[in-house]
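What follows is a group of structures, each given as structure tokens.
Each of the two complexes below includes chain A, the first together with chain B, the second together with chain C.
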Partner chain A sequence: MNVKTRPHNNTRLKLSLWLALTGFIALLFADIDIHRASPSQELLRMGQGLMAPNFWSYREIASSAFNTLAFALQGMALASAAGFVLALLYRHPLVRGFCAFIRAIHELFWALIFIQLFGLSPLTGLLAIAIPYAGTLAKIYGELFEETEAAPRNNLLQSAGLSAFFYTTLPLAWRPLLQYTSYRFECAIRSSIVLGFVGLPTLGYHLETALGNGQYNDAAALLYVLLAIVLSLRWWLKKALLPGYLIAALIYLPPTAHFSWANIARFLSEDIIPAPLRNKTNTDYVAVFDWLAMLWQQQILPGVTSTLILSQIALLLTAILSLAWFPLNSRQFFSPLKRSLGDGFLIIARTLPEYLLAFIGLLLLGPSMLPAILALGIHNGAIIAHLLGRYSGELVLREDACTGINRYSYEILPRVYRQFLAFLLYRWEVIMRETAILGMLGIGTLGFYIDSAFEEFRFDRAMLLILCAAILNIIADILARTLRQRLHLRPSPETL
Partner chain B sequence: MRLLTVLTALLVSSSISLSALAETFSFTAIPDQDESRLQERFGKVAAYLEKELGVKVKYVPVKSYAAAVTAFRNNQVQLAWFGGLSGVQARELVSGSEAIAQGYEDQFFVTYLIANKRSGLSKSNDFPADIANKTFTFGAKGSTSGRLMPEFYIREHFKKSPEQVFTRVGFSDDHSRTIALVQSGAYELGAVNYKVWEDELAAGIIDPSQVSVIWQTPSYPDYQWSIRGDVDARWGAGFKAKVKQTLLNISDAEILAAFPRQSFVEATNDDYQPIKDTAIAIGLMDAE
Partner chain C sequence: MFELHKISLKYRKQTVLKDVSLTIRQGESVALVGPSGAGKSTLLKHLRSLQAAKVAWCPQHAGLVPMLSAYHNMYMGGLSRHSALYNLANLLRPLAIPKAELQTLAQSLALDAELYSRVDELSGGQQQRVAIGRALYQQQAIFIGDEPVSAVDAIQADKMLSLISQRHQTIVLALHDTEQALRVCQRIIGLKDGAIAFDLPSAQVTAEQLAALYQA
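Coming up: the complex of A and B.
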């Protein structure tokens, strides 16, 4: 065997053990009871709803579907333009830091902030999607530009400058760039749906109402429309049609806003200033310290702790589910027909946003961390399983390779494990980001305290807590990147 | 960014020019109940106001108490049916705004503490001290009857925060969900708006064998119509007074039953000082 691979194998083993250990320890501290007398009864009612979707309010369904798409299209248009410009400057550490910061704040948190400035308006939805997505796209575009073959550019007489970039780097990075952008568009549709849960007029708005009121026939109709939109993307999302779509989106839902400059000025100069500093001529450091200490003790510490606990368990469940599920989409295990069924399940689980899954889980299982863990595990597990299944299908086995469980454990698993860890580390920061958000559904993560601060109109607290969530995500981002580098893992960015 | 500003300005102005002829008077309400009930209730109010005021009137539904206040603050709506606490919060944020009318019953509103039958608790006249160490759900975080007042009495009695008194504390988001959660046993106890309870009990939504009232709070002022101070400038002098009179004049049994209130009576900002004091006392608002 190659001697050089030994240390990596070791680190890989160590990392796996660490992830498992932290997951299990977190489980000891987690609140995962079921608080519902009869979850099966509710499940039955949901099943009945799914069998008999009610499309009667088709006007409402259609308009919210168009709104969902309009937000996603406009948000992505602005995000990819801004992301492209930022990517050109991505070598600059300040730009890098700026992008990391804006993408570390979840689109729902951006929406809560913009609702204060622009009301429940189309502009709010557009910016809530565009800003964090610009940060993500800048990073991916920037990395793609860095990874392109340097030779063509170095052969130019003048290898610096924009023209050199447009004639050498960009053409080389173009295909993966488009691929990744179209994948992000699918994510933007999910984000757009979730924005409905805070009141923007997308599919999520009506889903929240229907599910919350137990009108499962209505909810089923909305759910089918959601699935139809995402699953049909590959047939209608065509480069040539995009300008037309964008113009249509701008006409259908012009990005207008309800705002007054006085409100914006007040928000920025007064509302978000920590309460003990407001309207004071001389700074009272003791009061500021008390304010910070109180928030740290009552909100930040418990919020961060639950966020970490929940995300580690969710990560463990994601790992288990993705290893259990990837054969569903692998030609090493199933015939094409069975595989399409298996992959169908994975794709549906991947298409439904975690936030929606957690919302449904809470209705079924009652309030605890359990629904959130399941939602994060199922959604992210399905994403990794889908990709890992496809990856394992490309492996070439000996003709007399064993079958069944032996093939899984001795042939396939060892060969896909590296890739599996790479995917898992990428999802880690995503899971952390989503965990914070799920607090808005009443689970005690940072999102819970952020939502409370907005409900109490204490924007100073909200901003500080959002900052904490952002710092947590940035740390996860840096840690995951360091680990990937140490393990020499580098999946292509489309798999993010 | 400048391009965006220009674009927005263009779009704003074009949509304004279309609607300038008949400016729509918009109102919202805190989403304290099932949305279908809210639609029914406020659809009727919108039609009535449109007829009486002679301007286009639109009901803007929102997803949370905070969103109702924010819509009022951003002038997306000019009138709102707020709870005691959300009204105080909204009027703090919009100077010149006033409470103009309240339901007759809102002058002496109460909260019911309700319990699932498996909790083993029964009705009492004194504060039920045996609720400690059970699971408990409030309504929305910004609710007066579902959060502010019950939390006040819980803190007053136990000298501890609800998180310390109960083994689990939740926020259901509205009163209908509070009732559903306690009835299903997801929580053993809950705090609910007495009007919503009576209304749903009469409508047969509540199963009295599963959930019952165990205590009611002393009374306090609650829901009210609040209006922005700048409406006269937009719809002409005397518009605010006209809206107020129109609300007070509501006698249509169907509209009143949808709230449900027996009539609307005058209200002022000062009526809600006790609510503000309570909010400051339990740390939901900061003292000035």
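Coming up: the complex of A and C.
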């Protein structure tokens, strides 16, 4: 008999092997040493802090919590409005490219740029969130519109135009659109917190101070507030209340800034022009080439290399952790009570931003790639495990199906593997984006060189490096999409 | 109105109609009959595509927007008569003129009680009447319907069909109920195996001819 393996199975296996292989090879080149003498002692102090949170500076906590929410609300309001308009034009390749570009630049990089223009102002925070989020929302909205059923539209006398869109396409896409937007709001809160690490007055600002000074009781209080805000979202994030929230946010933190036009003009016309080109009378092309070659050799190449190395290891860890953890949230393995405990852990790990986890990891383990790898693996692993667990819970097994590890390997894993790969490929872009950023904590990825360039006021270098990071993300985006299409994987965008 | 000369049509890459020639003049009412798979739907879709902006179209699968009300689904027939701004305002809150028009239309379709219900809460028959309402509200001279009353009970079906006849000059329908076709239309086209088996005035169609259509 002629036995043929199905092509998809084969490619799925191949993809998995490639991911594992690149991860392990990357591990050979990575610096994953522990540089602290006694991480366990520090961990113990952190644990003590978590047991005794200090809420005494409640005024500060409250104001930074409100700032966090205000940035997220305003940023999302602007992003969803702009994203909606862009999504209407999403068929146009120029619009597609524009959206891909603005979302390829991380909100922290946008913040660093806007800080140069508008200082540490509310406007900076608003724009830093709104711009990349508009790019992402435009993509998701655009795809949702394209995926709606065509029949209602085609039955009209004129299927093109705004009226047909508002009567057929929009109502058909409305529910998933709202679901995705509310998920993105959760992400915006995380982004808003992380913006504190570059100086904006959100929870992250105080977290960085408290953690950096070893005041773990203060940090614990901030952490609990952070968790409380995100975990309570489903109770207070109501459509009808949104206009009220937005008005309150605008009154509490008006998006203004003190800035001088001369300053902005200088930044755009002088500061970001490559240094050898600034002398307008006499352009020295050799000097430009030398400048580029020097940057390529000293910053771009090492930055890109370690970004790739770190993200591949983080991807591998994410894969391993999500496969190990998803039973925690699966009906197939645990009773509801145990499962709610397991999922509780996953939800907390998912709620804490990678950047914060990496910062804590650095305090514990010292400067190496290890904290970043762990942070990315834990956060993204928890996200996938949570979704995969829920997905596996919907499977119907026969009455006499085996239990325990046999059930995991024979019944469940083969059935969820496809979905797992889809989630993983989607997170790949996200991991790549975040890896670049974690360099700002002192790990040698692109973010490190970008942050240093800003500190040295070498904005020309900073811009070039940000451009490199953006190109890297765009490549990952395209590659992941191609792979997903080739493997016939289509994750629903609801919570990714 | 419509002139087809030796036309072949495909459905999902398979030729379902071969060398079909057909003329439909203004003022005619034509019924396509024949077993399923004979190419009725394909022929109707093709006829519609010839003058898409002038044809009131009632497809076999209603293709309604489930989360909108019957009112808004029917109003969709008239979208191209108004500006986008007017349509948008009507989407937020029904405007007086279309509201009055559609209430009258809903009465004649026996949908007045369900006019403001979401269509996914309606029964299959009610949804089909909404689709008819949408086609009627397109207010065109030509009506093309693919089994427009298949899910409606017999008494109501005749009412719907006569409503359609009253409001359109030219009618082309696919109907599986041959007696219904004979009652409503002046001309019957029998389709079988991708070709026209007969094309006669209703009065001249015999029971044998109809029976032959459905024999394997």
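The criterion applied here is as follows: the second predicted complex is superposed on the first by the 489 of 496 C-alpha atoms of A that agree within 3 Å, B and C clash if a C-alpha of one lies under 4 Å from a C-alpha of the other, contacts with A are read in each partner's own complex, and residues count from 1 in each chain.
Basically, a contact is a pair of C-beta atoms (placed from the backbone, for glycine too) under 8 Å apart; a residue touches a chain by one contact, two chains touch by 3 or more.
No experiment lies behind these values; they were computed from the predicted model shown.
**Q** Aligned on chain A, chain B and chain C: do they clash or fit?
**A** fit
**Q** Once the structures are superposed on A, label A:G212 by its partner contacts, choosing first (chain B), second (chain C), both or neither.
**A** First partner only, chain B.
**Q** Using the touch definition from the top, say if A:F420 reaches chain B (first), chain C (second), both or neither.
**A** neither
**Q** Scan A:S38 for contacts with chain B and chain C and give back first, second, both or neither.
**A** first
**Q** Determine how wide the angle is at the CA centre of chain A between the CA centres of chain C and chain B, giving a multiple of 10 degrees.
**A** If I round to tens, I get 150 degrees.
**Q** Under the stated touch criterion, which partner chain does A:F259 make contact with: chain B (first), chain C (second), both, or neither?
**A** It touches chain B, and chain C stays clear.
**Q** Could you say whether A:Y449 touches chain B, chain C, both of them, or neither, answering first, second, both or neither?
**A** It touches nothing on chain B or chain C.
**Q** Touching A:A151, do we find chain B (first), chain C (second), both, or neither?
**A** Only chain C is touched by A:A151; chain B is not.
**Q** Considering only the touch criterion stated at the top, classify A:P367 as touching first (chain B), second (chain C), both, or neither.
**A** Touch status of A:P367: first partner only.
**Q** Please work out whether A:L120 is in contact with chain B alone, chain C alone, both, or neither, and reply first, second, both or neither.
**A** first
**Q** Which touches a greater number of chain A residues, chain B or chain C?
**A** Of chain B and chain C, B contacts more residues of chain A.
**Q** Could you state the shortest Cα distance, in Å, between chain B and chain C after the structures are superposed?
**A** Superposition on chain A places chain B and chain C at a least C-alpha distance of 21 Å.
**Q** In their shared complex, at which residues does chain A touch chain B?
**A** For this pair, the touching residues of chain A are 31, 35-38, 78, 115-116, 118-121, 123, 197-199, 205, 208-209, 212-214, 254-260, 263, 275, 366-367, 442, 451-452, 454-458.
**Q** For the complex, give me every residue of chain B touching chain A.
**A** Going through chain B, the ones touching chain A are 4, 7-8, 11-12, 14-15, 34-36, 62-67, 69-71, 73-76, 89, 92-93, 135, 140-142, 168, 170-171, 173, 176-177, 180-181, 184-187, 284-286.
**Q** With touch defined as at the start, can you tell me which chain A residues reach chain C in the complex?
**A** Going by the criterion above, the answer is residues 149, 151-152, 154-158, 161-164, 166-168, 171-172, 174-175.
**Q** Can you check the complex and tell me which residues of chain C touch chain A?
**A** Within the complex, chain C touches chain A at residues 52-53, 57, 59, 61, 63-68, 72, 75-77, 79-80, 82, 84, 87-88, 91, 131, 134, 138, 140.
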